[in-house]
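You will see chain A twice below: alongside chain B first, and alongside chain C after that.
Here is the complex of A and B:
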């Protein structure tokens, strides 16, 4: 992370952006930690093991927690460099200094201050001598005590856990066995929400992926193991008209590890829909299904069996 | 047999020398290097190849290039005027409708076609148009919100 001569910030970070909005929250977290507008933070678009900082994997719904901590730690180091430069200029010890994004100033007399722009590359004195350090910092983060499972299969496999609840409201067309999901609700406790639109998008997409698995998507294999339906008109992905109206809410219980109390969310939205829908089917027609997808034929057959009984 | 086929692409006249049966999608991506239009499936079901031919939203994956001789073709690269986005682009970008972005160009062209022809399209006409496009990332809701936002911007212009 470096502070450029105009006071803007460039962040070089691993982490794979695939549309989930990773670079946007890097920008937001860096801006928050450095107390400047996100518009003044630039995140590199290219990642390459040749020049990007190390990233284990972008995985586990945990970039916000782990990557976010690395950003905050780098920002703290960068601010310490600025304060150290300022302490020489203002002739005061570092512990009397405060940083507000654009200035470092004396706590007990804020008019005694120096602009960050003047100490980004060290400070050039009147006779042209430069003192101090460049405002650039590298840091990283690991999840604390994140471990392999022990011989009993136990261990700290997640460090921070995002809990949630989901509900489905469905209708069943008796004649065809078709299941229509009218409304779907998801709530997750993700600590400090950093980007509400992106967090919501993550959930609405995951819910629909799971609805596809629950009601429509089935790979058919031949005896030799060849896929028989590798086409979108035979392997049914949910369409616009099959999407339920979704309500998404977040509870914000602060996380002890993540940046500004944030916790990760990513895979979570895919977990609830299948059991919620299958429970709703049971609520509607008293039939338990134990495999997915639950196709219209399966529902029709179940209704007939129930009729006969 | 290679033929010369001429049409306008994003306001510019071009002549390509290709087999007349070559698919427009392949001409756009391989010959003209316009990779905004996507190749998402092999059976015309996903919608990511959608472009405008004479103002109408049209799939390019099953259209032989001989069929667009002398036509006016617009792809997603032809929408913005410099840095000024088309209202559909602006709305789709702002409504959270873009995650991986793969379905986006096709949806944007579909809406540019529909709202260009019928700025007063009904909600159900818009929904029928969106139903022709597969999206995996968003759950479709923000795409519909973006479409309605775009309609408002276009009608208020």
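Here is the complex of A and C:
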């Protein structure tokens, strides 16, 4: 994290943007931590191992939690540098100073202050001597006390959790056995929501992806091990017209680990749809399915067997 | 707490570049003197390679080099070093690289590919972990157990079991003695693909200054760097990896996949960058696939609905290489208890070698596979106990103070699942439902879920 000469900020991160919206999240977290407008934060994450800070893998719904925590830590370091520079200019102890995004000032007298743009590359005194250091900082973060399994296979392999409840409302067409998901509702406790639009997008996308798994997607193998449907003509992904109406809500109990109490949300939405839809199928026709995808043929066959009984 | 910039909608800074097609992806990257690779896939999913004849291919127009796995002395992997960049004496799945042509253009490389002749001796093919677990099943890896692996993993020699994970909480299976009602079921979440919009692809350049420079559509550039440095005996700092914009991942670009193969090919033409981008078919058949998890589950409860014990036996069809699937097995197994408290858990997961393409991460990382079982079982149990399915769940949720299968105590800061359930009641369950009509049956179902992030051990 670098404070540029005009007071704007460049963030260079090792987390990968794959469409989940890290750039926006990091921009907002950095802005909150540095108390400046998000428009003044530019996030760069086209990763180059020579220049980017180390990141293990961007996986497991953890970047907001873990990477976001690293952003807050880097911001704290950067503010500490600004205060250290200001303490020389204002001739006051570091812990007697406050920072508000644009100025560092005395706790008891905000009029005695120095602008951040004058101290972010050190401070040039009237006689041309530069004092202090550059306002730039590197930081990382891990899940605290994350461990290997012990001899019983237990241990702190979760640390942080996201819980949720989901419900599906479906219709089954009698003539064809086709399952139509009319409505899908998801509520997750993701702690402090950073960006409601993106969080909602992540959930609606995940639900649709899991509807694909529940109703359509399966790699078909021949006995010889050849894959019979390795392209989108035969491997059906859900289309927009198959998307249900969705309601997405968040509960915001602050997390102990994530930045400002935020929790992960990337993967959670894909867990509920398959069982919720299969439970709804039982509710509709009284037939239990034990595997997915549940195809119209399977439903038709089940309906016939039911009638014969 | 009130924040100034959180909890607000901001638009993505990268949105406009992506929707206008101006964002630079791996396939847009072109380097001076760049060559193109095409990769030959086998005719059989499991076979010995008797002979590869590359002579005719070498004479084709534009061909610079024809590469096979011959002479490769290393294996790679971060959990189990069971992978090879190109088949050496045996192919283990239908998408495994057998040979490659490097040429001046992609078209020339592909034309020459058809001229490579390979003699195979077919072996029996295993598609499902259930078959691969049977005594006497053909071995996918004769050397299973001898590969380097993380000390926490337990491969079983002379079997197809790459790892067996076991979790014991309380009295384990003996806990069923305390149960008044016991139900059992077996569920399957089949093999599938992450199917991102952008397929896998890489450019690898063995440079004349003895460094390696890589561009890849991947989310683990630092792992690629360390892996390649290890395989080619270089200091880690001598390998540089770039990731351009990434057109979706959903899991299958989160571990090293095609990069070692492209590096192996590029190592035969030092000084020139080699580019390869998967076709859609190759993306399905020769990168990582997903799921393949069968969950056999037994749940015991009191008549009042209090859950007592759970037993899970999970068979994970992990494909020809287990390096990327083994942690999915572990996560799927210990998360099979779902968002509920059981005093007694006996959870076992097997990572099993088969002749499908290797299985890796998929958004959800094992949770949806085993919780399909848990959440179906909760409904089946509710029916047996004559309870409302959601009421049964509410009685057993991992709320504050409860202890999960891993032995972790739940704190208030782990979130409020009760509040989530209440909200679902409000938004869906309290509303009237349509009655069966001439054309349709109508149904409603619920699922409560949980997931943890995956921590970074390295």
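Keep this in mind: the second predicted complex is superposed on the first by the 308 of 309 C-alpha atoms of A that agree within 3 Å, B and C clash if a C-alpha of one lies under 4 Å from a C-alpha of the other, contacts with A are read in each partner's own complex, and residues count from 1 in each chain.
Just so we're on the same page, a residue touches a chain if its C-beta (ideal position, glycine included) is under 8 Å from a C-beta of that chain, and two chains touch if they have at least 3 such contacts.
Model, not experiment: these values are computed from the prediction.
Undergrad: Of the two partners chain B and chain C, indicate the one touching more residues belonging to chain A.
TA: Touched residues of chain A are more numerous for C.
Undergrad: Using the superposition on chain A described above, determine whether A:23 touches chain B (first), chain C (second), both, or neither.
TA: In the superposition, A:23 touches chain C alone.
Undergrad: Return first, second, both or neither, reflecting whether A:71 touches chain B, chain C, both chains, or no partner chain.
TA: It touches nothing on chain B or chain C.
Undergrad: Touch check for A:232: first (chain B), second (chain C), both, or neither?
TA: Both partners.
Undergrad: Touch check for A:275: first (chain B), second (chain C), both, or neither?
TA: second
Undergrad: So, A:294: does it touch chain B (first), chain C (second), both, or neither?
TA: A:294: touches no partner chain.
Undergrad: For A:208 in the superposed arrangement: first (chain B), second (chain C), both or neither?
TA: Only chain B is touched by A:208; chain C is not.
Undergrad: In the superposed arrangement, which partner chain does A:240 touch: chain B (first), chain C (second), both, or neither?
TA: first
Undergrad: Output check: A:60 vs chain B and chain C. Expected answer is one of first, second, both, neither. What do you get?
TA: Touch partner of A:60: chain C, not chain B.
Undergrad: Of the two partner chains, chain B (first) and chain C (second), which one does A:197 touch, if any: first, second, both, or neither?
TA: both
Undergrad: Let me check the overlay on chain A: which residues of chain A are in contact with chain B and also with chain C?
TA: 18-19, 21, 197-198, 206, 209, 231-232, 237
Undergrad: So in the complex, which bits of chain A are touching chain B?
TA: 18-21, 197-198, 200-201, 203-209, 231-233, 237, 239-241, 243, 245-246
Undergrad: Going by the contact rule set out above, which residues of chain B touch chain A in the complex?
TA: 41-43, 45-46, 96, 98-101, 127, 130-131, 133-144
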